[in-house]
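First chain A sits with chain B, and in the next complex the same chain sits with chain C.
Take a look at the complex of A and B:
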């Protein structure tokens, strides 16, 4: 999906820039790396790496600047499954090579990187994959011409058993924007296609467009709520389309303060879950009342996300303002859910 | 002669010889007596004398129960209770305001026929809403014959929630209903939300919302409901014999253990188990009847029944006497 590609590319570009800045080794950038695995610049990182890694084939050139051009463009929805499966193997590989470096519990930032890495696809390119915390580890190698060429990347730290390899799919994005002009809802309802306006029921025009398939609530104050998009870019695009419609009707519409208010994602852990066990151990976060709702409502504190966990293994995550929050929340809950797998 | 006053706080005096012994209140003389040695314990240690002496020197306690003569049958109407109703100190703060009762006799009426000192001044106006809620709770509990301990627990919960003021905007009746639900759960005899709805004017949705809010406000949690919690009540309401009730309990428990009904509400599973057990016995009940009692739709019973039907022979207890054999059970 085009939206996800742009998002990822932007994210990667940003992290690549940070990588460049972090070129001189500084352990401060990754405070969670334990000292015993810190690789000093002066020692021979190649030999240590070579001894540890089975798959070192060639010594590639100097990587002073990160080139993203050969990142795969296979971030479409259709390829998602394949990439997920493939990336699962890759992340396991990554995890194996990395586990000696730091046996750490999932730090949230690295989780994000790891997940993005899995969603990004092939590991052959992911040694360029930015991770702010990795930059310190990798930067010592950079001036010494990175021994690992195309295969095993420097992805963070999670041991094999904890990488989930599952990426939650975004299902709904709710955003608001201010058109900054008073609107005559009756005029809009009369002239616009696919608009409904029933002032006795609700004080806004409900407008729909087909591409991206979204619904907007347009209020007379000029504020608008856009719902139903599947990605941030789509939501923005749809909001712009609605603003254009309003503009074409003669109002001096602008596009101020576009903000994503809520993001909903869902995924499947592919095993049944013992909700009774989960509610017993995580009482302060969970609420499971089969009389009221068949799913368990888990209110995660950090990030502040609400997860609906069902017996079938389906998980719905909501309340996020950023995509990374959804990924982070899922990575946090996955090991917990694995502990309550029904045998 | 043991004390029967409600929820007594432990008095600070203890017997000097048995500091751990809980003192027994003697109603007749108003003393606190140590059960181990019989000493009458007062605040002044010098006055300790054994209880069998006629002259006691311990401090008299003030009986805060209602006056004794309330139950006399000889006097028909005039009830010479001079101390008023029993005090409820733990729930309303301080019943110590003055009330003027309705007058009898000519002197209490002024020239127009209106009573002087009309309307007894509102007492404890700060807790008027709370007293109202207590009355409502008692009414609701009375409708489903809940025992006094549940009502007391509900009152306590309501008081805690009310004092916290975190749910101040919600209807008091909704909070009272939710407190009643929580109290039943905490006492180990949960009532379904629908049962509480039946005696309250609040919707199930609102009671559910208040329930979650109260748990959060009081930072407590409740145990998960199980199928067995409802068996005795549902079966009694359906006039099913004990054998059928035990069989239904066994079926439901086994069904949950074998995970035949993942994700189904325990009430639905219980209803389906009752249906299966009753259909296998001489006392058959229709799905509609069970649905009415349990508060589940008969299609829900049908769905859960379909899930447990294939394993029916494994679910029945071994000593069950079948009136209808397992293979002849209705298949829906």
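Take a look at the complex of A and C:
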């Protein structure tokens, strides 16, 4: 226990030293120094820090037992993460840059959080950085705002060896939008070439467009459901095109409350899975009835996603409202499935 | 009250009729010994016919329960009796039905669903007590559609938060095999087709275990696999006489329905057996095919674990060993054959059989069509939509008039009454 405390003291002292250096610069600029460059720049405490690294690798998992109550709450978690990171960085020299780069926006956000927070060891900085981190989170799709994505990766808490390297492909997006005006479905079916309307079968017009290849259900109340798009942006574009068609037919259609209701993704883990074993160990989440359906239905709690897992290793994920939920669900299930790889 | 009786203890004739908690008793007034006891329940008549009234008839418990629920509970009990389930199963199934009925979604459901619910309760009870009952059996008994059954079953499991274990394959094999009518000679079953039950059961079990180990059972309906295994076991016990009998004829003889996938399961099982046969030295020289391998099933099953290990390599085997083997075989052109394996066109006897991949059949078949990954489109969702693009979907006024005319003509044609 003594070794851990001395290590922490050293680390905090180093962070405090960095703070003094970092203060005059803007918070956004200071983190943009690669983490591994810090180490050679350090002063005396670093040498003792390195020698104590052996102890750290053993106790890196055990920080729950260390009494860090004297630190403010935010700092406690950050320090734990960073010490774990550093030890892993030392022990795992082969960081697969390519696989990490092909990884999803979400983990790189986490890295940015950690780096942003690491340069600010004191609480004042840690209050600033979550704000920056939030702004970084708001634009997950724009890699240029996260320059660290191209620098030597810092492993988040899960080690690199567990990263699956497989990205689920989105297959279908279901979205709804309110056109906010009453519609005459008979008129729409008469004047639009791509519409079909059979009131005895279903009380909506089924309209299709070629680009993006989608189908829409348009109801007389003015509500519309758009299905078949392969990405969120395509779904939005398609919904706007349908609204334009309705507008051109003479209705005062607007485009209100566009919302993605469901996203479906699929991927392949490329090894066979023993579904009977999986249903035994994960009884509370799985439902496997070979008499009814060849796949196992896994209802993940966090994030709330339903996965269909087949013996061939193909996985279908559905029920997501955000793309990140699909990615997160797959990253959660991959280690579980790998556990059933060996027959 | 004297009635001619004497107390066995003290010999007194002073016997008094007394009621102890509504139970009639004849008690000796001298020593207090109970001479006779009446029954606790009411009887239809005071003499003879001492049939007791069931609890459910004598109490008012059914006054609280709606008629449809009563009917449902009755059907649950009937179903349990038809299936000849142990008595404890009945109570559990009834309890499940009552539990399900407390949910408004079930109470308001159609009668068809309530009928199917009866089957669901019985199925869940059987599954929890490892009684091998298939959904197909219940659907046949209830004259229900499997789709309706599956929907109700999944809903019930979710609603009640139940933990239903999987179907126990071993028990299912035993009950299913016992239902084959091949264990005694009869006018339809010639003597050479009759088989000993125990031998057939044990061989079938071994074949089903082999199928399970080689990925033929996961994800598939269990029954066709067992049918195929039973047929193979029966054939292999007396191949000379039985090879001429086909799977369909076998099921007809045994008066068992032939499930449709059973023939493809049979082919898969034979393919696996052929692969195993290649590893046995004395079988390699025989150049076996699908028909001749049946005679050697006994041998193959005897050495099953060792043969499986030798004949199939794990799909996740160490890359080093894999590469070495592939290099060794590349010159002989085996690399291609391995990947598309599952077929039986092996040049047996010419070269040592290389281990095939132990994979489910769906992974061994070549992919039907390669799905090209869609190009990553840089769509923002906010692009401008050109008028011409929208106009391509609209009808010109002339087209509208033509369409209306065509619709009217069609209406007129369909509404013309048939000539008398």
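Here is the rule we go by: the second predicted complex is superposed on the first by the 187 of 343 C-alpha atoms of A that agree within 3 Å, B and C clash if a C-alpha of one lies under 4 Å from a C-alpha of the other, contacts with A are read in each partner's own complex, and residues count from 1 in each chain.
Following the convention adopted for this analysis, a contact is a pair of C-beta atoms (placed from the backbone, for glycine too) under 8 Å apart; a residue touches a chain by one contact, two chains touch by 3 or more.
Note that the structure is predicted; figures quoted are calculated from it, not measured.
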Joint occupancy of chain A by chain B and chain C, clash or fit: clash
Which of chain B and chain C A:310 touches, first, second, both or neither: both
First, second, both or neither for A:290, with chain B first and chain C second: both
Chain B versus chain C as contact partner of A:165, first or second or both or neither: neither
Residue contacts with chain A in the superposition, chain B compared against chain C: C
Which of chain B and chain C A:271 touches, first, second, both or neither: second
Partner chain(s) touched by A:237 [first = chain B, second = chain C, both, neither]: second
First (chain B), second (chain C), both or neither touched by A:279: both
Chain B clash site on chain C (candidates 76-84, 310-318, 346-354 or 382-390): 76-84
Chain A residues contacted in one complex by chain B, in the other by chain C: 272, 276, 279-280, 283-284, 287-292, 294, 310-312, 342
Residues of chain A touching chain B in the complex: 272, 276, 279-280, 283-284, 287-292, 294, 310-312, 342
Contact set on chain C toward chain A in their complex: 134-136, 146, 150, 153-154, 157, 163, 166-167, 213, 215, 217-222, 314-316, 358-360, 362-363, 373-374, 377, 379-383, 385, 387, 389-395, 399-400, 403-404
Contacting residues of chain B [partner chain A, same complex]: 192-193, 208, 211-212, 215, 221, 224-225, 259, 262-267
Of all residues in chain A, those that touch chain C in their complex: 169, 190-194, 209, 211-212, 230-237, 240-241, 244-245, 248-249, 271-272, 274-276, 279-280, 283-284, 287-295, 310-313, 341-343
